[in-house]
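Heads up, there are several structures right after this.
There are two complexes below, and they share subunit A, which is joined by subunit B in the first and by subunit C in the second.
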Partner chain A sequence: MPIVMDHRVEDRFLAAYERYQSMNGTSGPLSDLSQKAIERFAEVGFPTRKNESWKYTNITPVINRTYQIADPETTTVDGIEGLDAYRAVFVNGLFAPEHSILDGLPSGAVVESLHGASEDDLIQTHVGTYADYHQEPFTALNTAFLKDGVVIRVSSGVKLDRPVHIIHVITADQPILVQPRTLIHAGEGASIQVVYSTELKGSTSALINAVTEIHVSKEAQVEFSDLQIGTPTTSRVTNLSVYQQNQSKFQSDVFTFGGEITRNNLSIHADAEHCESLLHGLFMAREKSHIDNSTFVDHAKPNCMSSEYYKGILDEDAVGVFHGQVLVREDAQLINAYQTNRSILLTDTARMFSKPALEIYADDVKCSHGATTGQLDKEGLFYLRSRGIHEKDARRLMLTSFAGDIIEKSPIQALHEVIYGHVDRMLS
Partner chain B sequence: MKSILNIQGLKASVEGMPILNGVNLSINAGEVHAIMGPNGSGKSTLASVLAGNEDYEIDGGTVDYLGTDLLDMDVDERAREGVFLAFQYPVELPGVSTMNFLKQAVNSVREHQGLEPLKAAALLRLAREKAALIELDARLKQRSVNQGFSGGEKKRNEIFQLAMLEPTLAILDETDSGLDIDALRSVSNGVNQLRTPDRGFLVITHYQRLLDYLVPDFVHVMVNGKLVRSGGRELALELEEHGYDWIQDHLPE
Partner chain C sequence: MNTDTQYLHQVAESDYEHGWSTEIDSDTIPKGLSEEVIRLISAKKHDPDWMLESRLRAFRHWEKLASDTDKYPRWAHIQYPNIDFQDISYYSAPGNKPRYDSLDEVDPELIKTFEALGIPLEEQKVLAGVAVDAVIDSVSVATTFKEELAKHGIIFCSFTEAIENHGDLVRKYMGSVVPYTDNFYAALNAAVFSDGSFCYIPAGVRCPMELSTYFRINEAGTGQFERTLIVAEEGSYVSYLEGCTAPRRDENQLHAAVVEIIAHKDAEVKYSTIQNWYPGNAEGKGGVYNFVTKRGICEGAGSKISWTQLETGSAITWKYPSVILKGDHSVGEFYSVAFTKGRQQADTGTKMLHLGRNTSSTIISKGISADRSNNSYRGLVRINKGAENARNFTQCDSMLLGDRCGAHTFPYLEIQNPTAQVEHEATTSKVGEDQMFYCQQRGISEQDAIKLLVSGFCQEILTQLPMEFAVEARKLLAIELEGSVG
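Right after this comes the complex of A and B.
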C-alpha cells in the first residue's frame, strides 16, 4: 500500500535533515548551531507571499519540488576568462581542493574549507553571528545543513594583491539542492576583493540556498562581486550579511542574469562610525525569469554613508523586484543614505516592483531614494537611428550603456568585459 | 544640375492636427536653401518629417530623394542613404560614449556604401580632423553623447556629426537658436566648410542673422504649413526689415 504524503512541505525538509545528520552531516563546533537552526526553521517554515518581504516573490512552486542532496561528482571548472585570482572551488557545496588554486597567498591570508578549518574560535565566533537564522527561514535551513563552506580570513593589515574567486560548481542528473556557505573575515586595515560565481553542469534543475557572512573590521575594505548566470530551471536564494566596524568600507556588485526565481537578500549592519557601504546591482531577465533584490541597511551608529544603485532590464514576461529597506536608528545622526533603482521594461508584459522603505529615527540625516521604471527612451532611440544606426544596434547601444553604469562600478577590470558579454547575449 | 530632393504637395499632421498643408520644394546639389517663418508655421515639422520622425502622419504628397521615395524609408535607412538632420534639441544619451556612438554611426553608413568599417585608430584620426574643422572642444568626445553639454556645445556637436557622416542632404533645424554671436559665427564657419558641389543644405531658421554667415542661394518663407514666398538672399533681408506680419499681409490670394 502506498504511503500518502500530505505533510506540509517543511516536513519533507525536516525528514531530510534527520537523514542527513545521521549520515555524516554537520560535525564539530557547528552541531549545536545546526540543531538550533533546524528548530527555528521548523517553527517558522518557508515564507509565503503573505510575508511582507516576500509579497512579490512566490517561492512556493520551487520549494514544492523534490530535490536531492548529492555528493560531488568528477567535474570540470570553467572559471572566468581573464580573471587573475586565487580560486576556491566547491562542487555541490563541498570543497574541492583539486580544482582550487590557493598557492601564493600572502602570509596572513587563509582560504580554507569550513570543514576542518584551522581556527575553531573564529568559526564559533562568526559563523551564524551575522546571518540571522531567527529572522530568515532560508538562512535557518542553510545553517541546519551546515557541513562545508569556505572561510576566508585576512589578518590585520594584510592587503590581497589579487581577488579570491569562489566558484560553486553544481553537477547532478537529478534536481539538486545546494546550500553554499561562506565566511569572510577581514581583520583591521585588511583589504580583499572576492568574486563569487556559480557554474551549472548538466541540464537538471537546481535550488541554491547560499549564505555568506562578511565581517569587516576597523579600517578594513571588502569588495564582493556576485556574478550569477541563471538557467530557466535554476532558482537561487542568497543571504549576504555584512557586519561593519569603525571606518570600514564595503562594496557589493551583484550581477544577476536570468534564472527561474532569484532572491538576493543583502543586509548591512553598520555598527560603528564612519562606515561606507556601497551596494550596486544589475539584473537582466527575460522569458518568465524573476529576480528579486532585497536590501537592508541598518545604520546603528552616526557619521556613516550608504549608497545603493540598482538597475534592471526586463524583457518578455520577466519580473523584477527591488525592495530597499534603510533603517537609521535614533542615535545614528549625520547619516547619508542614498538609494536609486532604475529599470527598463522592454515589453508590455514585463513587470517591475520597486519599493523603497526608509525608517528614520534620527533627526540630522540626509536620506534619499528614487525609483524609475520605464521604456527605452524613444527620443534617444530616434536620435541614434537618425545617424544611420540600425534599430537593433541602437537599442543595444542604449541598453548596454544603461547597464554599463553599474558594470563599471566594479573595481575588477577583468569582470567588465565578461559582464558586458553577458549583457550582449541577453540582448541578442 | 543634379536634383537631390523634390517635395511635391507634402501634407502632414500630428494627432489629427494638420501642420504641413502642401509643401513644394526642390533642392539641387550644391545649393543651400533657407526656410524662414514665424513660430508654429511648420518649419521644424518639415525637418522632422524629412528625417523620418514617426510621430507625424503623412497625409499626402511625395518626397523624391535621389530618385527614390524618401517617405518609404525608416529613419535609420534615410540616414544611411545620406540624409542628416541637425536637431534643434539634440538628445542627451547618458552612458553612451561619444566615440562608440560615432563608430557605430560612421560604420553603419560605410557598410551601407560597401566600404570597410573604420578601425578605432582611423576613426579617432577622422574625429580629430573634423572636430578641429568646426572648433569642437576635443574633450567633449570623451564624454557621453551630449550629456551635460551647454546649448552651444550641443549644436556644435551636431555639426561635428554632420562632418563625420558626410551626408548628401543636410537639414539644419534652428541650429542658431540658443547660440551667442561668437558661437553662431564659428558654427556657421564650420558649415560653410562643409558646403560642397554635391551636397545640398536645408537650413531652417527663425532669424535672418544666421544667414549673414551662412549665405543661402534660396530663401523660402513658410506660413501655415506652406511655402508662400521664395526668392534669393534679399528676401531674408526684406523679412528682417518688415517682420512676418508683412508676409502674411501680402499673401497672394
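Right after this comes the complex of A and C.
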C-alpha cells in the first residue's frame, strides 16, 4: 500500500527554505538565528482562526497560493511627493544603493544594508531580539529567510534633520513573496523620524511579510510612519516590535489603505520608567479589503504612559479588525494607558470587529479604553445640508475630518497632504 | 504595613461565613461517569424515555469532547488543573426523599441549615411573600406558595416534577436556547443534571411575587448540575431570584448549571443572582468551580430579559449570562458586580446577540479584585447584518484593592450593520486617594470609607436587584469587605 503524506502548506515553505539556504549559503552570524526560526516555524505553523489573536482574520487563502522568491529587476522609484527625506531603497527585499539617496547624513547616523553590516556586533545583539519569533509564526518565517534588510543607527545625541524614507519596491511578473527586514537603533538622546512605504510594480499578486525592530535608548525619540497603499492582490503581514528604555518616546502612525488582507502587528515593550508611547492608526478599506490592526503594549515598569488611537472607515464589503491589548505587569504602578477605537461603516455589508482588551496586575494605574462603531452623525449631515452643501460633499467633508484627527497627529507635514489625497481617492 | 494592606490581609484570612455542612442522610451514587451512570441517574429520576434518550445523546457528545484533554475549554483567563470527571459523583439526593406538603415534615436538620443562612422558610413564607423552591444538592425538598401561583396559572416547580407533569412544555423548550452541543459543560449538564427549577408564566400574567430558589452544594464530592428553564408567554412578567451559599469543603466541587430563558412577545423576565459559593481558603485550596451557561432568548417583539448578578464566591467563576435579541424592539440588560479576593478567579461577562431590528442592550459590569485574585470581564456584542438600528452601551469598570491582584477586560465587538450604534467604555483604577482623604477628613474611618466607596462603585448594579435581594446583597458585600476594611 502506498503511503500518502499529508501535504501541509507549511511544508512548501520549509522546502523553499531548504532551497533558499542552499542557494544563499548557510554561514554567517545570522545563520544560527535563521535555523532556530525555521525550526520554530515548523513547530507552530501558520495561525488559523482558532488562534485567539487571529480570530477575525483568515490568512489561509493567502498562504495557500504559490509564490516565488525572486531577485530584483531594474525598476524605477516614485517616492512620496513633497517629502524631503533621506532615502533607502530596497528592491524585492535587497538593498538598491543606486536608487538610495543617503548623502548628507550627519555623522553618527548610518543607513546601510543589513547584508553589508552583518559582522557588526550591534546587529548581532539586536536583530531577532525584539521581534519574537517564538510567539509569531510570520516573524519566524521572516527571520528564517533573513538575508538582507535595512539598518538605521543613530548614535547618542544625534538628531536627524530630515526623516529617513525606507522604500520597498516590489517588481515581479509572477506572484511574489517579499520579506523585508528593518532594524532601527536610536542611541541615547538621539532623535529620528522614519517613513516606511511600499511600491508595487506590475499587477501580480504579492505577499509582504515585513518585520521591523526598533530600539529606543534612554531619552531617545523615534517616530515611525507606515504608509501602505494596497491593491486588491497584495496582502501584508507586518510585525513592528519596539523596545523602549528610560524616558524614551516612541510614536507610530500607521496608515493603511486597501489591500487584500492586511495584518499590522505592533508590539511595544516599555521596559523602563517614564516611557511615552503613542500609537496612531488610520485604516480605510473598500471592496473586499480586510484590514486587521493588532497592538500590544507591555508596561513592565512603572511611571509610563501609552495612548492608542485608531480610526477606521469601511466601505462596500470591507472588513476592519482592531485588537488592542494593554498589559500592566505587577508592580508597574502609576501607568496611564489609553485605548480608543472608532469606526464608521458606510454600507450594509461592511463589518467591524473590535477587541480592546486590558490586562492589569497593578493597582495604582489609570487605564481606560473606549470603542465605538456606527455610521455618520445624522445631525451633522443635516447641519451641513441645511447650509446648502450637497449630501455627497457633506459626507466627504465629515469623513475627511474624521480621518483628519489621525492624519494631523503625524509630525511630518509633507505626509499630511499625501494622506489626505489618499483619503479623498478612497471616498470618491 | 499600611492599613490598606492590613485590611486586605484580614479579608484573606476572614472565614467563610456560611461554611458548615449539614448532616443529612444522602443517597449518593459512586464516583464516575459512564453510560451506566447516566442510566442510573435517569432511573432514579424516573425519567420518561425521551428524557433518557436526550441524556444519552448529550453524554455521547460530551464523551467526544472529553476524549482529548487538549480540547477542554481553556480560553478563559483562569487557571486550574484538569478536572478528573471520573472522580466526581454525579448524583446526590437528600435522604427521606418523599415530597412534603408542609414544612413540618421537612428534615429538621435542613430547616436548621436554612435558619443558619438567615432565611427561615416559614418566615419567608409569611413575611416576604416569596415562594421558595429550596434545592439542597440535587432534589427539591420544599416548594411553597404553589397554590397561590397556581391560581394565576403559573407553574413553578422542580425540574423533576416538570418532566413528570408538564413533559410537553419541557420537551418543547429544553435545549432550545442552550443546546447540549453548545459547549463542554452544557453537554455535561444535559447528560447528568439531576434537578433544577421550571417556571412557566402564561400569557398576560404578571407574576404576583418574586420567585426564588436557594441552591446549596451539600454533599462532599458531588457536583451540582441543575437546570433552570423559564418560559414567559406573551405579555407576561416574572422576576426570578437565585441565590447560593455553600458549606466549606477541602476538595474542589464542580458546579455546571444551565439556565435557559424564553421570553415571548412583550414578555419581561428579570433574573437576579447572588452567588456566594465557597471560594477556597487563603491559599486557594478547595472552593467551588462554577462553570455555568446562562442564556435567554427574546423570542418575540418587544420582549425583555434582564440579568443582574452579584458574584462574590467560588474559586473559579466562568459565567456569561447572555441574551439573544431575536424579536424586533427587544431589550437585553446585564448588570454585574464581581468581587474576588484570596486566590479567586473570575472570568465573567455577557453576550448580547442582536438579530432583530431596533434592539437594544445595556451592559454595566463592575469588577473588584483584592489580594491575589484575578477578575476578568469578557463580553461579546454582536450586531448581525439584519439588525437595523441596534443600540448597545457597555461600561465596565474595574477596581483594584491591592497590588497583587489583576483586573482584566476582554470586550469583543462584532458589528455587521452600519446603522448600529455601539459604545464601549472601560476604566481601571484603585480607590481614589482624594476620595479617601475627603471621607477621612470628615471623620470617617479608613475602613468605613473604603466600604462606602466600594458600595458607591456598585450602587448602579445593586439598585437593579429586587428589594429583598438588594438588602442581602449589600450585607454580603459588606461581609466580604469586612476583612479588607478592618
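As a working rule, the second predicted complex is superposed on the first by the 417 of 428 C-alpha atoms of A that agree within 3 Å, B and C clash if a C-alpha of one lies under 4 Å from a C-alpha of the other, contacts with A are read in each partner's own complex, and residues count from 1 in each chain.
Going forward, a residue touches a chain if its C-beta (ideal position, glycine included) is under 8 Å from a C-beta of that chain, and two chains touch if they have at least 3 such contacts.
Predicted model only: the values in this text are computed from it and were never measured.
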- Overlay done on subunit A, so just call it for subunit B and subunit C: clash or fit. fit
- Message: In the overlaid three-chain picture, which partner chain does A:L397 touch, first (subunit B) or second (subunit C), both, or neither?
- Response: first
- Query: Who wins on subunit A residues touched, subunit B or subunit C?
  - Reply: C
- Query: After lining up the shared chain so the two structures overlap, which partner does A:G374 touch, if you call subunit B first and subunit C second: first, second, both or neither?
  - Reply: second
- Message: Looking at A:S386 after the superposition, I want to know if it touches subunit B, subunit C, both of them or none. Which is it: first, second, both, neither?
- Response: first
- Query: Which of the two partners, first being subunit B and second being subunit C, lies in contact with A:D331: first, second, both, or neither?
  - Reply: second
- So, A:F353: does it touch subunit B (first), subunit C (second), both, or neither? second
- Identify the partner contact of A:D405: answer first if only subunit B is touched, second if only subunit C is, both if each is, neither if none is. first
- Rounded to a multiple of 10, tell me what angle the C-alpha centres of subunit B and subunit C make at the one for subunit A, in degrees. 70
- Minimal inter-chain CA distance - subunit C and subunit B, angstrom: 14
- Item | Of subunit C, residues touching subunit A in the complex | 75, 77, 385, 398, 400-430
- Task: Spell out the part of subunit A that touches subunit B in their complex, as residue ranges.
- Result: 377, 379-380, 382-391, 393-394, 397-398, 401-402, 404-405
- Counting only contacts in the complex, subunit B reaches subunit A at residues 51-53, 74-76, 79-80, 84-85, 87, 90-91, 93-97, 100-101, 104-105, 108-109, 112, 144, 161, 165
- Message: For the complex, give me every residue of subunit A touching subunit C.
- Response: 52, 56, 330-331, 333, 343-375
